[in-house]
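Could you have a look at this structure, given as structure tokens, before my questions?
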């Protein structure tokens, strides 16, 4: 059997995208993708599902297949061995395709940003994904080592425009 | 304490070793002996036949700049008398070949593979292929050799993202891209399970997804930066790694650390164990479909996380250790708060786990599944709750006392049923034991400094640091350098325990595979700093069904 | 046998524990380490923090007429070592964790310093603040040497010694 | 056909169509409560999920024609099932033909699902499909047997205590069979998340998943209402209920038992195929044995 895409860019217009993005605000299904992280962020992701933080109150649900997902929770510095799998998984996510890059590793490569075995974070491959025709509709970066549960919730809120982001490039002169 | 030369039980072993090589040094807790590579197999055979001797770790080191050859360090431990036997084998630099000892010491398998990949050591008697590194890694480039710096390696090899992705496209038509991501294993690792109907007939680990090149990175970092790197080996039990790194350096350089710092380390280690075991238990319930249990266990665990943040400044990856002590003190308020929280957890946990463990499905699926016989556990030198669930009381806190465990008496929790339930119970009772230990430590903690003022590095000293992590023994070997460690070898418990999985999986139901894999509490980010498994497939005719399982310590996700 | 039903009374007793963040206060304790803040009026640009930073999230570079101390929050591991080593106590650990951003660019903080040009070769080698500081501390140090880059300083000193001899 | 019958049929059909996702919303709230957390923001959450899925892109690795055909067929059949049941409640007429029609439709829907799953080539969904087939074969036999047993208990009833006991036994067994058919814990083996990712439904996405979810919830609710039809029938015969009251009573009772199921499934873990087969066999055998025992041995 071959992979068939029922819809593609022609049928999935910007209007559809707009509508889908609106609807995602009320129901966000997330898929957790570990690309070689230390597990710190991963357990914090599980933690936001549990009673103290309980993100189900925003309509967020963790799903087991990328085909069901709206948002990919990406952790880890993207090791070379996980790269092909990462591309596969991202391709399987139907559009609109959102990515929440969680933790210092996914944002800036953390302590391994210059290791021979990693690619040093999601920003380094985003252009290549474009080249491959995998369009990422929106990315939000959540720093933290590990990103604490509140920071992840805050990231989701920024992604859905519920809150205006606080971080801005700052340049101070002495 | 007895030393090897004075122990009556191991007298014969000592005189044998002494006859073997005149280059034999007895240190405070190690017996170091230089053995020529031709004689290695003979020594290994004797050691493996001696009862009570376990293989702890093997490290390869590039010492060409110091003495002109590579060196292999084989660390065997005798739990009973708290001593290590370190066998040092110099390896010729022009033709680095060592005889393989895997057929004698089963547990050596992965270490040899890793040394082959990362250091370019060849093992006579077996053929090895690339395991740890990507398939298209250039030949004859061995990252851990001193010929390359981290920057060189990055220049030498960068993956072609676009080409790689296109290859993936070609093969991906049938198997859907859930790749190594599976809901039970929250890490990108995978096992191939060969199943017939619903029965698992064989399993193969295909991993090394999380190899991040940590040991090489450390060589470019300063002594005081490495604890932070070590801590990021694993986000669940990171503190044990920074702790054993610091202990290894402290041992190598003979830095005496203040008693108060030892107590603080032990307290945080136990708190980490509580959090890690609770996490495991929650995930185990989730794997058995009991989500209510998962939620409640994690609710109880959250208090530990808040406590950890209060004591150390971070919920995970505490950043507390530096060489010579710790960075933060536990003052009286914090100690009081700590006791309160622990009391509360103990009460809530006791109540809840009593109900949860009685859920019919949990009981019936944990009992008599994932059997790991005692004999297999011994021959693989397994560690942690995995081996304690099979009736062997190995516990580094007791066998090689470190930090404040020297000052306190306790008994390791042991169960002898050998099944998943036994391992679960070991963890449950260890939570209570840890709470007890923290209370004890807080009670006895002496006043004083929390870190030494200063210390001087001295090159080419050898030190071993071992800590009982929630998953088993973590052991770090450090050979010191001038500004940063010359060679740092970290070995995580999962590394030692993973070879047990195929044994436990054989002939069980597919449905029980995730919980069985989880029952060793695998932590692949620890393990994969470097490693891989290869289980030679047996002759069972099998229907290969690539079940990509794995994700977590959360398990198969 | 039906012990597992005990979960219901336990749940009833506990009630709902959820914290309504972001509409309520987060669970941050006093000792939490968040993003750092560099106080530009105290920072001298000595670079001690960039040398200890394990992930090299702090870096120092000279661009044009200014030296830039760059803090990349996206790589920071929030260990607080920089604050420990800063000789001026210019780095403060805040409790800030709400750092999410849509652009990586927004995660940079730059502190710009004036640089001193070497009187002899014209290369830029140190921030003027640090130089002033050194000047105050080492009053006896010959002024003409102070404004030379390390290389030129060595040459100057050697030539002086030759001359003296 | 009088006016109240005419009103009650559309009411009942509308309830069948709109209620299931709402009940799922309530179920999620209840579960959250048992787990000491807040849960979804409103009980409309499941509706939002379905609407969102429908507006998403569809990525399928199987031929979409088969999937869409099977899925729409099963939805159509579910709705006709809802119509049939609504019709029979408002007529307060429960002959064997209706019971059999309902059962046949149900079995047909189950087979359609199996066909739907089998289109996926993923190893997880293959394992999932085999599991569900195993459970279905066993359980459908139970479902049919107990539905008929209940109908028989009603038809032989002469309102003696013995007859009520027989009816209760049959109804309880039917309720258990319904629970298993609903594919709840511990028998949701086909999509056991930790073992099989989402098992049989792993390859669905977008609208396909949306419609599948909806039809699955609809099926669950229809199943939950089946034992209630029998109860409503008995009650209305005793109390002379009018069709509107009877309809409402069925839906209220169905919603209640749905919630009871939800609570039970929150309290237990997942079974294993071989274990499940054993347990189900044992329970069904016992139920039939007890019913027969009471029928034969109790002679007042």
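We just call them A, B, C and D in the order they show up, numbering each chain from 1.
FYI, a contact is a pair of C-beta atoms (placed from the backbone, for glycine too) under 8 Å apart; a residue touches a chain by one contact, two chains touch by 3 or more.
Note that the structure is a prediction, hence the values are computed from the model and not measured.
Q: Can you check which chain pair, A-C or B-D, has more C-beta pairs in contact?
A: A-C
Q: Could you work out how far the Cα centre of chain A sits from that of chain C, in whole Å?
A: The answer is 28 Å.
Q: Could you work out how far the Cα centre of chain B sits from that of chain D, in whole Å?
A: Computed value for the inter-centroid distance: 48 Å.
Q: Between chain C and chain D, what distance separates the C-alpha centroids? Give it in angstrom.
A: Roughly 62 Å separates the two chain centres.
Q: Rounded to a whole Å, what is the gap between the Cα centroids of chain A and chain D?
A: Here chain A and chain D have centroids separated by 37 Å.
Q: Going by the contact rule already set, what residues in chain B reach two or more other chains?
A: Residues 173-174, 176, 178, 182-183, 228-229, 232, 292-293, 295-296, 299, 302, 317, 359-360, 557.
Q: Mind pulling the chain C residues that touch 2 or more other chains?
A: Residues 4-5, 7, 11, 14, 16-18, 27-28, 54-55, 77-78 of chain C touch two or more partner chains.
Q: Hey, what residues on chain D touch two or more of the other chains?
A: 34-38, 61, 121, 193, 197, 202-203, 267-268
Q: Line, ring, star, complete or other: which one describes how these chains touch?
A: Complete.
Q: Provide the residue numbers of chain D that touch chain A in the complex, in ascending order.
A: 28, 32, 35-41, 45, 48-49, 51-52, 55-64, 121, 193, 197-198, 201-206, 209
Q: For chain D, which residues are in contact with chain B within the complex?
A: 31, 34-37, 61, 120-124, 126-127, 130-131, 185-186, 188-189, 192-195, 197, 202-203, 266-275
Q: Please give the residue numbers of chain C that touch chain D in the complex, ascending.
A: 4-5, 7-8, 11, 14-18
Q: Can you name the residues of chain D that touch chain C in the complex?
A: On the chain D side, the touching residues are 33-38, 267-268.
Q: Touching chain B in the complex: which residues of chain C?
A: Listed in rising order, the residues of chain C that touch chain B are 1, 3-7, 10-11, 14, 17, 27-33, 51-55, 77-81, 84.
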